[in-house]
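These are the structures in question, set out in turn.
Each of the next two complexes has chain A plus one other chain: chain B in the first, chain C in the second.
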Partner chain A sequence: MMLRAIWLIVRKDLTVEVRSRELAYTTLFFALSCVLVFAFSLVQEGRAADGVGPGVLWMAIMFAGNLALGRTFERERQAETLRALMLVPAPREAVYLGKLTGIVLLLALTEAVLVPIVAFLFQAEMLAHPFWLISVVATGTIGFAAVGTLFAAMLVRARSRDVLLPVLLYPITVPVIIAGVRGTVAIAQPEFDAEVVRFWLTLLVAFDVVFVTLALWTFEPVMTD
Partner chain B sequence: MTKWFFYATLLCAAMFAISPFVIANAPYESTMGLVQKVFYYHMPSAWMFLTASVVCGIASARFLITGDSRHDRTAWAAAEMAVLFGLLTLVTGPLWARKAWGTWWIWDARITSSLVGWMIAWAYLILRQYGGPGSEKLAAGLALFGTANVPFIYISVNYWRTIHPATTVVPKLPFSMGFPLWFCVSAFTLLLVVLMKLRVRVAEQQARLDAIYLSLDEEA
Partner chain C sequence: MSVDFDEVAVEDVSRHFGRRRAVSRVTFRVSRGMILGLLGPNGAGKSTLLAMLATLLRPSSGNIRYGALDSSARASLRARIGVLGHDLFLYPELTARENLAFFGGLYGIADSDSRARTALERAGLDARRDDPVASLSRGMRQRVALERALIHDPRLALLDEPFTGLDDASTEALLARLRSLRDGGAIVILATHDLDLAEGLLDHALFLREGKVIQAMAAPGGLRATYRHVIGRS
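== the complex of A and B ==
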């Protein structure tokens, strides 16, 4: 019952997205614009400073992710489908997990393009260990999206919701940013040390487990009066 | 106000008035000299910041579970205290660091974790102020997430070397230094309690006023 509800919500979002492709294109373009701005800030005499690639990657993910979260729920608010979602005869957790899956898929699509481009532009040898890189980026994205989906859903009815989302989201996702960047830096090192990467990956997995659980528990109380 | 509140406020003011003399009488620390005495205000501020954050987290959890607005008012007051004492900590800390370590700021585990925790408390206040109706529950969710985040923030920031003194310094303090410290801790604790009581009372009066206003509205 729960899995079916989650699948239906994901399918709804995918259908809307495939028809308009609005979120995918704009999120990707915004992420690339961020990378461009960082490139102009950090490149001196034609070369990027050493080791900035991972930092630029995660900054672009954070900013683009923030935008994607805001706009996903803005779409729900404008079409007034949020009320319909809350009335669905399925557990509320299914609504949360459905939206979370949709956002993770959108960000995964963006990162699939973003990671090679950042590795290419900033000469970061991130792609040398693809399994580790995918693990770190995936767990980091899930952690960010888990907190972000809850906050974006919470803020749909609030005033000043556009500026409040990053104000609330970034301090809470500091461990994701730190672990993501340090993990990616460790992957990009010439002398690769699996222990260091494993440490950051473990921290990210623990963060994901704790915060998805916490979000599932608090989704119902904060979405209903 | 009740009698105990009046005496508590008086005692708190008296303790703060005496505290400079108590601190001046403490012996100089061997390496840092006079500058070290900021510690007697810096450490109690940090402890009050942490206490207020914990109170906010617990009150928010109780509010989400029970829906009783008393817990919500306590959480809001505690968040304001956390921002206030956190600000004191983050100002006295760099002032001390500049003289003791030669640098205003350093990205070590405890300092950075405190900064992030302080920003979460500040975000709570921004949400309460500008979030519009219904922001009580949202803020409670934020406080809960912030509290759950503390071990993660600390562990992730701890990757870098920390040059903060180890936490085991306090039990080993000689009495001549221990007494001023615990005197200041008591003064700050009293200040936290007094301010919390005052702030919660303001919030209660506000809630009562709103209830009366709304009930008159319905009758008309």
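== the complex of A and C ==
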């Protein structure tokens, strides 16, 4: 029941997105705009300072992720479909995991476009170690989205949800973003050190485990009343 | 685990939102094969009461019992409760069939797609089943929403203003559907302002005002006159 419910929610979110293309376009456009603005500002004579590219990449992911989270739950609020999801006998955790998976997939799509562009514009050697890069970006995205999905669902009825979401989300996800940036910087170093990358990746996995566990634990009570 | 119940008992239930008392010490019982109407002006507490019966809200005090179960068995109870809310609870980008199949799947129906087709045939929307919900008229959407609420054959059907946006033919179809639910052994609780439509349909009526039950009536007749008398008097 749990896995079926997760799959149904993910498939529904993807179907809605394929038909509207609203989130993919706005998230991607917003993230690319961020990257371009920083590129014009920070790239001098075809080069940026070391570590700038990964920093810009994660900032774009953070801002675009906030936008995607807000809009995903705004969709569920408009026809009160989140309420309908709360009425089904499937475990509430399945609803959370379904929404989380949908957001992670959407951000993964954005990142697939974003990473090569950042690597090119900032001359960052991130693509030399694709396995490590995908691992760091994926774990960082999951950690960010795990907290974001919980907060976005909690705030769906709050009048000032658009302001409150980043106010709550950014401070709590700062450790994930720092680990993501440091891990990506380590990957982009000319002299690649797998031990350093492994350290940041382990930290990100630990954050993911803690955040997802806490979110699963709190989702049912915070969504009941 | 599949659960079932023959009766819903609301025992001295209150619900507060901060200092505002939305429902105050409400008590009633409703059994299988009955339609209960919650009648009252806006802000009387009808929707809050329905939300508590649906397990979406916890009572501030009092207890709601579903046969031998209380509302702490939320997850298994939800499999036997169907809710039609003020809003339609439908995804406008999905087709009518996709909406019903999606919710049917979440209710654990094995072949939810064929159940969705059957439901849409019953609602007279077979020809529009593959149209996005956004392209349907308000009345058609309301009919799809009703089928969504009933896709899993609930024991308890909770309907908030189910006649909204329906034309005469659809209203007649809905009345017939509600009677067939009652004849099939469901417990139907509906909140409505439409006293003319409720006339002859309800087995019991509760008149609510400011969260309190002002009067309870069995097999009510002359609802409008009673409503004017009861609500006006209070």
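By definition in this document, the second predicted complex is superposed on the first by the 220 of 225 C-alpha atoms of A that agree within 3 Å, B and C clash if a C-alpha of one lies under 4 Å from a C-alpha of the other, contacts with A are read in each partner's own complex, and residues count from 1 in each chain.
Quick note on the criterion: a residue touches a chain if its C-beta (ideal position, glycine included) is under 8 Å from a C-beta of that chain, and two chains touch if they have at least 3 such contacts.
All of these numbers come straight from a predicted model, not from anything done at the bench.
Colleague: Taking the superposition on A as described, I'd like to know which of chain B and chain C A:F211 touches: first, second, both or neither.
Modeller: first
Colleague: Quick check for you: in the superposed arrangement, does A:A124 touch first (chain B), second (chain C), both or neither?
Modeller: So A:A124 meets neither chain B nor chain C here.
Colleague: So, does A:P91 touch the first partner chain B, the second partner chain C, both, or neither?
Modeller: Once the two structures are laid over each other on A, A:P91 reaches chain C alone.
Colleague: Taking the superposition on A as described, I'd like to know which of chain B and chain C A:M1 touches: first, second, both or neither.
Modeller: It touches chain C, and chain B stays clear.
Colleague: Can A:A79 be said to touch chain B (first), chain C (second), both, or neither?
Modeller: Touch status of A:A79: second partner only.
Colleague: Between chain B and chain C, whom does A:V222 touch in the aligned arrangement: first, second, both, or neither?
Modeller: A:V222 sits against chain B, while chain C stays out of touch.
Colleague: Examine A:A146 and indicate which partner it touches, taking first as chain B and second as chain C; both and neither are also allowed.
Modeller: So A:A146 meets neither chain B nor chain C here.
Colleague: After lining up the shared chain so the two structures overlap, which partner does A:V167 touch, if you call chain B first and chain C second: first, second, both or neither?
Modeller: Only chain B is touched by A:V167; chain C is not.
Colleague: Overlap the chain B and chain C contact sets on chain A and report the shared residues.
Modeller: Correct list for chain A: 225.
Colleague: Which residues, counting only chain B, touch chain A once they are in their complex?
Modeller: Touching chain A from chain B are residues 64-65, 116, 119-120, 123, 126-127, 130-132, 134-135, 137-138, 140-142, 144-146, 148-149, 152-153, 155-157, 159.
Colleague: Show me the residue ranges of chain A that touch chain C in the complex, using the header's touch definition.
Modeller: 1, 4-5, 8-9, 12, 15-16, 19-20, 79-81, 83-91, 224-225
Colleague: Over in the complex, which chain A residues touch chain B? Could you list them?
Modeller: Where chain A meets chain B, its residues are 147, 150-151, 154-155, 157-160, 164, 167-168, 171-172, 174-175, 178-179, 182, 203, 206-207, 210-211, 214, 218, 221-222, 225.
Colleague: Which residues of chain C touch chain A once you look at their complex with the stated criterion?
Modeller: Chain C reaches chain A through residues 54-58, 74-76, 78-79, 81, 83, 85-94, 98, 102-103, 105-108, 132, 148.
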